[in-house]
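Just so it is clear, A, B and C label the chains in written order, and each chain counts residues from 1 on its own.
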Amino acid sequence: MSAEALPPIASPPPAFAEAHQAERIRSPWGDAWKRLARNRPAMLAGLFLLWIGGTAAAAPWLPGLQDPSAQNLVLGAAPPSASHWFGTDELGRDTFARVVYGGRISLLIGLVGTLVSLVIGVSYGAVAGYRGGRLDELMMRAVDVLYSLPYIFLVILLLVFFSRSILMLFVALGLVQWLTMARIVRGQVLSLKQQNFVEAARALGAGDTRVIFQHIVPNTLGPVIVYTTLTVPAVILQEAFLSFLGLGVRPPDASWGTLVSEGARLLALFPWLVLFPGLALSLTLFCFNFLGDGLRDALDPQDRRDVG
Amino acid sequence: MAAFVVRRVLLMIPTLWVIATLTFFMVRLAPGGPFLSERDIPATAIRQLEKSYGLDRPLGEQYLTFLAHAARLDFGPSYKYPGRQVREIIFEAFPVSLELGAWALLFAVLIGVPIGVIAALRQNTGADHAAMAAALAGVSIPNFVLGPLLVLWVSLTWFLLPPALWEGPQSRVLPVLTLSTAYIAYIARLTRGGMLEVLRQDYIRTARAKGLPERAVVFKHALKLGVLPVVSYLGPATARIIMGSIVVESVFAVPGLGRHLVNGAFNRDYTLVLGVVLFYAAFLMVLNLIVDVAYTRLDPRVELS
Amino acid sequence: MPRLLLLALALGALGCAQPRDARFASASAGPRYFGDVTPPADNTLTYNNGAEPEGIDPGVISGQPDGRVARAIFEGLTTPNPRTLEPEPGQAYRWEVSADGLTYTFHLRPGLVWSNGAPLGAEDFRWSWIRVLRPETASRYASFLYPVRGAEDFNHGRIRDERQVGIQAPDDSTFVVTLAAPTPYFLFLTEYYTLLPVPRAVIERQGPRWTRPEHIVGNGPFVLRSWRQGDRLVFDKNPRYWDAARVRLDHVVALSLEDLNTCVNLYKAGVVDWNPSGYVPSQFIPYLREYSDYRGGTYQAVAYYSINVTRKPFDNVWVRRALAFAMDRDAIARGLLKGSRMPWGNLVPMGYPGYPRPPGQTYDPARARDCMARAGFPGGRGFPTISILFNTSEDGKRIAEAVQSMWSRTLGIHVEVLNQEWGSYLQATVALQYDVARRSWVGDYLDPTTFLGTMKSGDGNNRTGWSDAHYDGLLRAAAVELDPEKRMRTLAQAEALLLDQAPVIPIYHFATSEMVKPYVRGIEDTPLDVHPLKYVWIDRGWSRRLAAAR
C-alpha cells in the first residue's frame, strides 16, 4: 500500500489564483484558516501532532527519560511497571524511551523523505506542465514508466546496492512519492499557465525559471500542502514496511516501524512491545491523514456551505 | 474507441522494453549473485552453473538473448528454483494473488463507498468525521500488526477461522480482511471527494429544486459520477494489491505473487525478478486501459484523447 | 474514533490476559499440550518443512528442507536408525569392509525396483555417484565423496575417465567402493542425501524437469504426488518400496512455511502435526518448555562470530583474543536467550563420543583488557570503529546489539552493528568484506572434522582469511591416522590451537526445539535432527494408552 495509490486532488481551484492577484481584499488563506479552525477534529489532530513532534524533538533534554540503549539482559522483557511505564524489551531496554526516540526517527524520516519528494516532484511537475509540448509528453512518459516499476523492488535494490545509511533511506522513500506529486503539480500548472498574471509576468520580461518558481509554484501551494501532509504518513508507513523486511533504519536506532515490526512478532508473548509503539504510530498516522483531509476541505473554495 | 485501444496496446511495447532494460541492468548491480550460499560451493560448480545459465557470456549478449526470449514470453528457469520455469511460477501464483486482491478490493469498495457517501452527504458534521475516522483507522494500522492480531484473536483464542494457509473459503476471510483495510480508507476518501464535487454541480441543485427525493438525487444522479475517482483508482490499485501483499502472504502463508518479487530480489534470482516485474508492468498497463475505457462509459463528458 | 478506541482497549486487555489454550486432551491434571490434540482421521502426517525447497534432486541440493524431501523419496545404501542415526541396512542388506579400511563392498537386496517398476541395481548407484562428481552437475556436496579414490580429481576435472574413480558395480547386486584413505565415518556418508541413487533413464529424458511430480521416480518409502510452490508437497506411500510393510503413513503433507509465527500458529490450531526443530521463534522457547509436546535436545550446531583477519586490526592475534575474552556467553545464552541456548566456547559441539574436547574460550574482562593493551590499544584508545555484520533475522539482531554493548563497555571501543539481507550478507562473508560477522555451522556427519575442516586454509567455508600451517598439518595428520584415539587427540589439539588464535569466537550451542503432537510416533531425538519418515505413524489411541499407563 504505497502512497501512489493516493487519489488525485479534486480539480484545481482557479478562483484561488485570481484572488491572489487581486489586491488581497479577501485573503484566501485567511478564509481557509477559518474553515479549518471550524473543523474541530482536524484541529485536534494538528495539536496532537504538534505535541508529539515537540516531545520527539525535545527528547534528549527531557528530564527523567531513560537511555533507550541501556540494556539489562537479566531483566529481559518485563511488562509495564512503575519504573518502566511501557515495559522493557528483550534486551531490558526501556520501551517508553524507545518509543519517544523512535518518534524522533520516524518523524524525521517522514518529513525529510517527504521533503525530498516535494522538491523533486514540484520542480519536475512544474517544468513539465509549464513547458508543455514534447518535453511535457516525454517527462510524463518517464513518470509512467517509473510508475510501472514495482516500488518494493526499486527500494530493495537501492538499499542493497548503496549503503543502508539513513540518508539512503530518505532518498529511497522520497524517490517513489515524487511521482504523484509531479503529476498533481503538472495538472495544476497546466491550468494556471493560462492565467492573466502569468502573461503579465512574461510581459514584464521574466524568464521561464522566474515565472515557474516565483509565480506559478506559489499558486499550486494549496494542493501541494495537502498532498505533503498526506505523504508524511505514507512515508512513515513505508519505512515500517521496510523494517518488516529488515531494511529499515540500522540498529541500535529504532524507528516506530522497527519497534512495531519486532513487537508484532512477539504479540502473543509480550503484547506491550507492539501496543505502545503501535498506538504511537497509528495515532500519528491517523492524525496526519485526518489533518490532511481537513486541509483539503479548508482549501477548497468551492465549498458553498461556507458563509462569508 | 478501437483505434484508441490499439494505440494504447502498441504504446505498451516500448514502455515494457524500457522497463525490461532498466530492470535487467539494475538487478545485476546489486552485490552478490544467485549462487552464493551459506555453505561453500566449489568454484567449479559455480562456474558450471553460470555457464548453464549463460551468465559467463558478455553482458550485452546476455541482454539480447534475454530480450529475444522475453518477446516469446520465455523467461527461462528461476535461478533459485531451477526445476521451475519463471512463466509457470507466475501462472501458478498469479491466480491466488488475483483472487486475494479481488476479494479485498470488493470488500473495500463495499465498505468504503458507503462510508464516503455518508461522509459527503453529512459533510463537516459528526457523522462525517466519524465515518472518515473509521476509514482512516484502516490505513493507520500496518498490515503486519493487524494480521497477527486477527490471527491471535480469531484463530487462536476463539478458534473461529484457520490461522493461515489458502485452503477452503474459511481461510480466505482473515487475509482478505487484513489486506482490504488500507484500501477502505483510500476508497472512502475518493468517494467522499468525488461525491462532494458532484453534489455541488448545478444539475444536482436543479434536481433538488425540482423536488426529487434525496435518495433519487444521490443514487440516480450523483453516485454514478461521484465514484469516478474510485473507478480510475481501481486500475492501479488492483495491480498494486496483487504485487504488494507480501505481508499478508507471509503472515497467512498464501502462495501468491508478492513474495516472489521480494524474495527474488533478496535471492538475486534475476530471471524471476525480470519476469515478475514485466508481468506486473504489463498487467498495470492493461488495467489502466480497461479503467480508462470504463471511465468514458460512465462519464459522457470525458473523451478518449 | 470508535474503531481505534476499541482496538486500543482490546490490545490493552490482551496485555493483561493470559494466553489460553483450548481443547486439551485429558481434562484431568496431566501433561499439558500446546493447542489442539485431535489426531487426523486418516494416516496423513502434516508437517512444516520450512523454506520452499530449491530443488529435490538429491545429488545437487543442500539444506534441510530439500534434504527431508529427498530422503522421503529416495533411499541410499544405508538408512539412518531413527534414534542414533547409525547406518542400518537400506538398499544394501549387508556390507564388508576390508582390513585396511579402504574397500567397502555393499550387497544390494534382490528385487529392488524404482517406483515406476524399473529394476534398480548397483549400476544405478555407480551412475548416481559419478553424476554427483561430474563438474557439470554442480553438486553442492560433491566433497562428501572426496574420501573415494580419484573422486576429488574427477570433480575438479583433473581426470576425465570415470573408471579411474574408486566406484565399481561388478554385477547387478554388488557395489564396491575404494577409498583413498581410511575414513571412519564413511558409512555415515552413505546415508546422506547426496549419495542417494537417482533414476538415470528419467534424468536423461527429462533433464532439469525430472523432479516434477509428473516425471519423478524414486526408490524410497514415498512418492511425490503434487508440489505447489510456496505451499506444500504431498506424498503418497510407495507400494513398491522394499520395506513398504513397515511404512504406516498413507500420505505425507509437507508445508512450506516462511514465517515462524505462522508455524507455531498452525501447530497450535492442530493443522500441523510436527514442527521440526528451528521453526519456532526462540523467544517462545522458555514458554513452550512447559508443554509436553515440546522437545528440546542437543543439536550439532554452533553459532559463532567470525573475524576477518585480513583487515586491520584483526590481523593482530591479541585483538582477537581481547574480543574473545570480552564475550559474555552466559549473559547471552542464559540472560538474553533465556536459556534456550547453551553458552559454548568451542567450535566443535557436544555429542562426539571419544573426542577429548579442549577447554573452550572463556569470559574474562580483565584479561580482555590486558590483551587489548598488549595489542597496542590500552583502554581501547586508538582502536578503530568496528562493525558486527549479521543477516536479518531475529536472533542475529538482538545478539549483535548485546555484544555491541558488551565490547564497548568492557574494552572501551566503538562498535557498530550492521544487518544486511541474505544476498548481501553472503557476498560480504565470502568476499571478506566485513569486520566481524555472525556465522553458524551445522554438522553434516558425526565427526569433529565436519567442523574443524571448515577452518582449513583456503576452505570455502572458512571465510575469515585465517590460514595456519600448523593447524592444517594437524588435520592432515589426523586424516591418515589409523588409531582412533590418537586421531581424536590430534583433532583436539587442532581445535585448541584454533581457539587460542581466535579467528572465530563461538557463542552458543544450538539445541533442538521441536514440537511433536502426542499422537505422532516414531520421531525421536537425534543428534543431527534427521528424522526418517519411514518410521513415523499416527497413533489415534494415544490418549487411551496414556490414561492406561497411569
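Here, contacts are C-beta pairs under 8 Å (C-beta built on N, C-alpha and C of every residue); 3 or more make two chains touch, one makes a residue touch a chain.
Keep in mind the model is a prediction, meaning the values are calculated, not measured.
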| item | value |
| --- | --- |
| Middle chain, criterion being Cα centroid separation | B |
| Far-end chain from subunit A, centres as C-alpha averages | C |
| Interchain centroid distance [CA atoms averaged], subunit A/subunit C, Å | 46 |
| Subunit B and subunit C, separation of their C-alpha mean positions in angstrom | 38 |
| Intercentroid distance (Cα basis), subunit B paired with subunit A, Å | 22 |
| Residue list for subunit A, restricted to those that touch at least two other chains | 156, 160, 245, 265, 267-268, 274, 278, 282-283, 286 |
| Residues within subunit B bordering two or more other chains | 30-31, 133, 137, 140-141, 148-149, 152, 156, 266 |
| Junction residues of subunit C, two or more chains touched | 1, 4, 11, 14, 261, 421, 423-424 |
| Of all residues in subunit A, those that touch subunit B in their complex | 1-2, 4-8, 10-11, 38-41, 141, 144-145, 147-154, 156-157, 160-161, 233, 237, 240-241, 244-245, 257, 260-261, 264-265, 267-268, 274, 278, 281-283, 285-286, 289-290, 293, 296-297, 302-305 |
| Complex contacts: residues of subunit C adjacent to subunit A | 1, 4, 8, 11-12, 14-15, 19, 260-261, 281, 283-284, 287, 331-332, 335-336, 338, 392, 394, 397-398, 400-402, 404-405, 417-421, 423-424 |
| Residues of subunit C defined as touching subunit B within the complex | 1-4, 7, 10-11, 14, 20, 22-23, 52, 54-57, 62, 135-140, 142-143, 155-157, 208-209, 211-212, 228-231, 255, 257-259, 261-262, 265-266, 268-269, 271, 421-424, 426-428, 430, 459-461, 463 |
| Partner subunit C, residues of subunit B touching it in the complex | 30-33, 36-46, 48-49, 52, 77, 80-84, 89, 92-93, 130, 133-134, 137, 140-141, 148-149, 151-153, 155-157, 159, 162-166, 250-253, 255, 259, 266-268 |
| Touching residues on subunit A, where the partner in the complex is subunit C | 69, 71, 73-74, 76-77, 79-80, 90-91, 156, 160, 164, 245-247, 250-252, 262, 265-272, 274-275, 278-279, 282-283, 286 |
